[in-house]
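Following this message is one structure expressed as structure tokens.
Just so it is clear, A, B, C and D label the chains in written order, and each chain counts residues from 1 on its own.
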């Protein structure tokens, strides 16, 4: 499902990722662990085609970095769910609109959009706050909105960057359950985290990254 | 050092904090724990006078909410360090400037500003990235810049909102050491966190907050 | 994407950034107002210059030795000259009447014989009222027999020419500059409101929106904002022009409705173009 | 806060938001350019209107029965009239010379006696060159003895009056509107660049900056940006006016340097004011 072959990423002469090889099978749940600044977010960004690799080759589903045209990128992104480390919510819309936006871009019918957005907000426990603006939410609440937006499209790949960073134990395990469930339904999940304990307690493959290299 | 007496905070008819009484002595290190949306950030914002309480009375050091004039607030804030949950870095300046800014507002001499800013950046392990812009940093790195900015002024009170959320184990313990050291030197620290495990392992008073009420 | 959605998004977009929207609509309105006022002033100015010119007459004094028949013959011939609009024959009697009206009875009665010559009074076509063209007409009349003197205030027509030329040039220069600057200002203002939402545009792209999906609401937003600005401008223009018509009837008379209404489509076009260009540029910088 | 720091921050502020700064400086420049061009056009227009008026002369034809001495006496009396600038005495001989120059030898030689009257040619003060004032002067001369006829192109002076009035009104209206709109546009543009940095301002407040500490660099930034915009405008004005002076010498002659240089302080003031007002408003909304 996901493949990276000899991928390097340089930004202004700094090597952020070096010679990364990675294979994630369809339906797998993979943890990406590593200290702060290791390159986890950068790796996920490459898989989301927010950035192109300096060297090497990337494939996500049917999309390959060697063949992907710029105008195909939106199509790809609609099928990949991503939870950003810094949430990246649209500040000028309420959270219902933020979640619904991911459906609107796909041209989903209005009634279906509404139903699915509310369902997903309910799943992350925020349906009652649907009219709130992002800046009226606590950190953890914003994070859950970002999670809902990533999930609402039933993506075939889910990239989660530190999705539990601002959540307490209970909320964390709820969200984890949600991710597992989605994984069970066939979605490939790649989750970056700096929490070694969490990773150690989960029965999933763990990819360790440090200083831009996979160990 | 810090006192809250029957403090309530309502925002548009939602009660975010209710009847909060709190006393933190000079030089204490206090943990504020509670689930997502409990009101931890709101409480810290009140102590920083970003917001005024709907009811009740707050004192921080010599500043009391009943007597504080608007134009005194900057003076207060210069003496209180705050680490925001969402970092709140100035996006258009490099991280040296971000840290130095907190010194500049106090009218610190140029040479001293430079020395202290670099010292503090070194303490959080980011001196080598001093010329980077915030968006060129990883999540954990941004968090550490925010921590550096809060510490650079030698505040007499430090409010830390989830300061370890984006940090790995090693970085976390480094930062914790830093906070402890500052506390040893006499700074009162209030640290909000959702991490019950962390709180359980620390030898400090733990204030539990849920649904806007202190338990 | 349905147009309904895009339209709703555009309206919401204006509302969400209402502070900036108001500033931008206000700026658009003012820019168009300047242009509109310029247009109205120009229309009236040319109207008045035309009026002044239209009063230019050539007076051809006939010698006493040609009779009415010959004079009327001459009149017909003059009427055939290119550029001549109207010729009045003022015979000696009529000339005396006019003189009496202007200067009273006494003077003329003192002399035994009517000393005033008959004349042809010529009005020229509007397009022939410049000094050069008039000279040409005069040249063709001069050749005829029985003409004593031709008067048309050569110096004055030249002065008027000069002044008209200058007013026209000044007007065109100012008009060009105002027009270009309106375009520039409106486009730039829209540009600023869109630069301020760069982050939102970036997030939209990250969530899988195509460039068109992002652009179309912004385009509509620009068009709607521009239209509102234009409407505001034309409303102000309409009321202030009507006020001026009542209070300065002698210098405001040109029909204005078309020029006033023009501001609305102009605002729409400028707003739309400005927004299209800006969003394109932001999208490109994000690609 | 040292002024050095504020100044450095202001320059850096312009640089950090360089996209917006350029747009804002460009808009300021264009707004001031419009105003500057308007000023220059106005200066030249009034100069030319003045020139045209300055050529207005009153020609007083004297009857043949007064001699040179009486004529010179009359000249002195006319010179004493309020508003009269210069009086030339054209005796019969000189009048004949002028006629010969204008129409050739033949005509005049055919008649036995010089039929041309002597005359006084009067130039009036600039401020007396309107139709009303000229009429007054004429009235005072008419009363004198020995005057055959007074000619000054009454109709024409009235036309010129009318045209001048209208051009003046048009110019003032356009000028007022351009001036106000320049102020509005510059202030609004600065406002937009500051609204876009609302978040930064908020963070600065949170970190303990006083309102002044935040405001002063923004104020300086506005002043510097405005000065740059003004300088750009005045550079463009300077070169294009000098180009026009070379290519259209007859209609461009008024001294321009002061008007051109005016754009720079104007830009500084508008930029500074705009920024001050906007930052104040943002700060108030955050308090």
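Quick note on the criterion: contacts are C-beta pairs under 8 Å (C-beta built on N, C-alpha and C of every residue); 3 or more make two chains touch, one makes a residue touch a chain.
Remember, predicted model here, so these are calculated numbers, not experimental data.
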{"item": "Separation of chain D from chain C in steps, with touching chains one step apart", "value": "1"}
{"item": "Shortest chain-hopping distance from chain B out to chain C", "value": "2"}
{"item": "Most remote chain, CA-based centroid, reference being chain C", "value": "B"}
{"item": "Rounded Å distance, chain A centre to chain D centre (Cα mean)", "value": "66"}
{"item": "Distance from the mean Cα position of chain D to that of chain B, given in whole angstrom", "value": "62"}
{"item": "Length of the line joining the C-alpha centres of chain A and chain B, rounded to whole Å", "value": "29"}
{"item": "Shared interface positions of chain D, touching two or more other chains", "value": "none"}
{"item": "Chain contact topology (line, ring, star, complete or other)", "value": "ring"}
{"item": "Which chain pairs touch, all of them", "value": "A-B, A-C, B-D, C-D"}
{"item": "Chain D residues touching chain B - in the complex, by the definition given at the top", "value": "1, 5, 16-17, 197, 199-200, 203-211, 213, 287"}
{"item": "Chain C-touching residues of chain D, taken from the complex the two chains share", "value": "19-20, 23-24, 26-27, 30-31, 33-34, 37-38, 41, 44-45, 48-49, 52, 55, 153, 155-156, 159-160, 162-163, 165-167, 169-170, 173-174, 177-178, 180-181, 184-185, 188-189, 191-193, 195-196, 248, 251"}
{"item": "Chain A partner contacts - residues on chain B that touch it in the complex", "value": "11, 34-38, 40-41, 85-86, 136-141, 144, 161-162, 165-171, 194-197"}
{"item": "For the chain B and chain D complex, residues of the former touching the latter", "value": "48, 50, 70-71, 74-78, 82, 84, 88-93, 101-102, 104-107, 149, 153"}
